[in-house]
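Right after this note come the structures.
Note that chain A is present in both complexes that follow, paired respectively with chain B and with chain C.
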Partner chain A sequence: MQKTLLDVKDLTIKFRTDDGVVEAVNKVSLSVQEGETLGIVGETGAGKTTTALGIMGLVDSPPGKIEGGSILLDDTDLLKLGEEAVRKLRGKEISMIFQDPMTSLNPVFTVVEQIAEVIVNHQQLGEKEAEQKAIEMLELVRIPAERAYEYPHQFSGGMKQRVVIAIALACNPRLLIADEPTTALDVTIQAQVLELMKDLKTKSKTSMIMITHDLGVVSEICDKVAIMYAGEIVESGSLEDIFENPLHPYTNGLFGSIPDIDKEVEFLSPIEGLVPDPSDLPSGCKFHPRCKYAQHLCRVEDPSFREYSPGHFTKCFVHEGKLSVKEVKKYE
Partner chain B sequence: MSRYILKRLLQMIPIVIGVSVIVFLLLSLSPGDPAKMILGLNAKEEELALMREQLGLNDPIPLQYFHYMKNVLIGDFGTSYSTKQSVIEMIAVRLPPTLILSFGSLLTILIVAIPLGIALAVKQNSPFDNIMRVVSLFFAAMPGFWIGILMIILFSVKLGWLPANGFDKPSAMIMPIICSSIAGWAVNSRITRASMLDVIRQDYIRTARAKGLKESVVIRKHALKNALLPTITSVGMAVGGCFGGSVIMEMLFGINGMGKMMIDALRQKDIPTIMAGVIITAVIIAVANLLTDLAYSYVDPRIRSMYARRRTIRKEVAGNGSN
Partner chain C sequence: MAQINTTLPTAKQRQKHLKKRSLWADAWLRLRKNKSAVVGMIMLATILLVVYTSPLYLDYDNDVVKPNLSQTLKFPAEGKLLGADELGRDVLARILWGGRISITIGIMAMLLSSIIGCTLGALSGYYGGKTDGIIMRSLDVFMAIPSLLLMITLVSVMKPTLTNLIIALAVGSVPSVSRMVRAQVLYIKGQEFIEAIRAQGASDFRIIVMHILPNAISPLISQFVMEIAGLILAISGLSFIGLGVQPPDPEWGAMLSSGREHIRDVWHVTAFPGLALVLTVVSLTLVGDGLRDALDPRMKR
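Coming up: the complex of A and B.
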């Protein structure tokens, strides 16, 4: 039995703006075992990044505020630790790779300075040794050492993302959160970066949370998957559970919107409608306005998050047996 | 980099020539007879003619200019028409107070405006920020000489803390420097605040926080260096303003500086003194602008790489790293 590294329970994050309260993350629970990779999948605005920033303790406050729940790293609740204690964990125990490599690096420092900085910050190393280690990190992400003293503007997007990965991995974190690390890159570079991350993960046995909206990436790299919609997790389970036997209508919808190379279809079948406005969420099940099985019950009551088969959870009345739908159709 | 500096220094030659030609022409063509200024209104016509001949005023204007510049090149700025002193000696006395006043103002702008701007950005929308918004607007809008008069009334007349004129001791320097820089504090703290606010929302600041750096390090190291560019532009332009403004401050506080010397010389149509003052001021402002541009490239490597060829940068930076 593997040890649980991160255990998030009922995490709720709200943003108070002039236009009202935005419920960005609503009672999200997830856990990551040691050495495991969890994929968080969802549309833009589903609250994936906010969940990650919540775990990092980097939610912009104000306007954002963590309103409830717990984030256990080993057995320590990060939400109960002081700001200073959490700061010391950031970059050392938990690291994060951000979405846009173009803007994630500081333009006025050389890449080696930016990597060495995190090493000096967390380890008892002098500038000189930290710089040496930073160069080793660069070589690990396959950037030649002679480019260490260049500035971010002298690098391409894919190389910048590799520098960002080097920064994140510099202190051998136990948990790496990758927030859409390949979204801003073009397809061939995406493949390289993914390959690199898989490689590094197997070498260092780091646990990882991979945030993405790309199911292809998930199938490549993840052991477990959580599907997020409108600030909630609507389904979670092992990679096989989600890909072979998706339960929630939203999960099915996601698969339906991917083109299949083996089938000749004229149109994809996207999910009708739009992600709801997070400051004005629908009543009952948040997905009901877009769900083709929705009935009266879904509009008034919110389904609970239940285990359907061992380790496979979902949040839908159909699977609670409260709705008389013959069968939720598999994606086609 | 050194090539760039050399190029910029060479570019100063046409600037100085252009400025001196225009000023020389304006002075020569404007009414008033320097010979009369020197000998007085009662001088005889023969004496005046002799004086004009001695001063070379009968030569064509281009020739006069040529003679003048030839002497300037060997360091001879001539003799003042009104005081009969060597212009160089006059300037040697008059330049230091003006330099202290101008660069002192500039320095206080940097010392006050940048930390203030950072504090305002970090404490955005706090009561402190809101109060400073109004205070800044007030000081940016008030003329420096008016603030100067109020300060003289308060600190010299009522309280007797500071001398009202002169520039001979540090206590006498306080009021002139504050008066000529206070608008600069206000304007530049607003600029620094605005660009800091822009920078602290950037992704790379989030990256810096994700490294677990202390917030003070994030602000001072990662945000400030990026936020400084607009402030450098504004402070660079303030150099000219401080020099021009020193004329008013020197008159107000009775400081024997370049500004006061130039006003006196203009009244007397003292061509050598005016020319020397203008040329020296032009050179100082051009050098200050060059320093501003060098400050840009110090702060932002992207600008540096536009100046220098790529390979030389790589060598330079690699050299720095191995030290």
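Coming up: the complex of A and C.
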């Protein structure tokens, strides 16, 4: 049995704004084993990034606040640690890659200085040694050392993202959170970056949380998948569980909206409607306004998150057998 | 045939070849290519050199302050290149001696106000909330008083010594410098790379000093250099109304002030100190502009 590295339980994050309370993350639970990759999938505004920032301890406060839950790294609750202790974990134990490489590097320093910076921050190394290690990191992400002393604006988007990956991995973190690392890149570069991440992950045995809305990326790289909707996880399971046997109507809807090369269809079947406003969430099951199977019960009561086969969880009344519909159609 | 070395150089060996110029060396290179900045630098260097070496070739008692009533208001001529003032003192000698005082006060006051201003501005911009409120509201109190009036009050409460003048000028310009720094810090703090750096576990101190200030400095540095110009003007203004450098010490503003009465008949008494002031301010502005462009690595061609 693998060791659990990260165990998040009932994480709740709210933002108190002038327009009311925004419930960005509601009782999210997830866990990552050592060496495993978890994909968090969901539409824009589902709370994926907020969850990640919550784990990093980077939720802007105020207005944001972690209202409850626990985040266990090994056996330490990050929420109970002091600010300073969490800061020391960041970059060393947990690293994060942000979505847009164009803006995640400091424009006035050379790339090697920026990689060396994180090494100096966390390891007892002199500037010289840190710089050497930084150059080695650059070569690891396949950037020639000749370019080490150049500034970020002299790099292309794909190269910048590789520099960002080098920074994130410089201290051999045990958990890497990648927040849509390929979204801002074009398709060929996406493939390269994914390949590189996969490669480095296996080499360094780092666990990873991959946040994305691209199911293609998930199938490439993830072992486990959690589907997020309106600040909640609606379904989670192994890659196979989710791809071969999706339970929740939302998950099925997501797959239904992807074009399939083998199927001849006139139109794709997207999910009708939009993600609800997180400051004004619907009652009962958050998905009911957009759900084809919704009945009265869904409007008043919130289904519970249950295990249907080992490791495969979902929250839907259809599967609890409480609705007249007994089955969710696959991929629709 | 030359032997081909098949072993790859190690990272350490290559590091030597790779090492490029530092940010400052780079900036210097770019500054040299900027024509107006070069003109400004030459002007400024000449002014500084001539003005700061004046004690070597001028005697304070004989050349600068000793009245010579037979020469009163003499027009420029041989021997007195820029003429003499209402007490028969050589205008050129007084401009050179006075420039030393003006420029020193200007630079010192700028340094003092930018150190205080950067600290206050960075703290309030970075931490926001209560810290920001307290710092900014206190500075607002100073802002509410016109800075010249504030300086006048401070100088008249304290004695108009050199140190007190510097303090008064610095206090007068701290609020605007802090606001400038704060605005820059706020802008840079909002950029994504700061969050990325926080995600790497950098401390607040390191983020401010290593990441925010270097990014803020290129637009600010030109402001600081031009601030010297403003401060030289302010000290001249103070001297003009008799609160700055005290007679018989020469100072550009004081010279303008005393020459004012004769401006209808004797132009040189006011024109030359004024010209010295303008040249200094223009050269500082040119250098400031050049520095702003040179310090931004994105401007590299």
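Everything that follows uses one rule, which is that the second predicted complex is superposed on the first by the 330 of 332 C-alpha atoms of A that agree within 3 Å, B and C clash if a C-alpha of one lies under 4 Å from a C-alpha of the other, contacts with A are read in each partner's own complex, and residues count from 1 in each chain.
The rule is simple: contacts are C-beta pairs under 8 Å (C-beta built on N, C-alpha and C of every residue); 3 or more make two chains touch, one makes a residue touch a chain.
Because the structure is a prediction, the values reported are computed rather than measured.
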Chain C versus chain B on the shared chain A, clash or fit after superposition: clash
Partner chain in contact with A:180 - chain B first, chain C second, else both or neither: neither
First, second, both or neither for A:145, with chain B first and chain C second: second
Touched partner set for A:103, first chain B, second chain C, both or neither: both
Which superposed partner A:36 touches (first chain B, second chain C, both, neither): neither
Which superposed partner A:235 touches (first chain B, second chain C, both, neither): neither
First (chain B), second (chain C), both or neither touched by A:23: neither
Common ground on chain A, meaning residues reached by chain C in one complex and by chain B in the other: 56, 58, 87-92, 95-96, 98, 100, 103-110, 117-118, 121-122, 131, 146, 148-151, 153, 164, 167-168
Chain A partner contacts - residues on chain B that touch it in the complex: 202-204, 206-214, 222, 225-226, 299-302, 305, 314, 317-318, 320-321
Footprint of chain A on chain C - complex, ascending: 11-12, 14-15, 18-20, 23, 129, 191-193, 195-203, 206, 210-211, 214-215, 218, 296-298, 300
Chain B-facing residues of chain A, complex: 56, 58, 87-92, 95-96, 98, 100, 103-110, 112, 117-118, 121-122, 131, 146, 148-151, 153-154, 164, 167-168
Chain C-touching residues of chain A, taken from the complex the two chains share: 56, 58, 62, 87-92, 95-96, 98, 100, 103-110, 117-118, 121-122, 131-132, 135-136, 139, 145-146, 148-151, 153, 164, 167-168
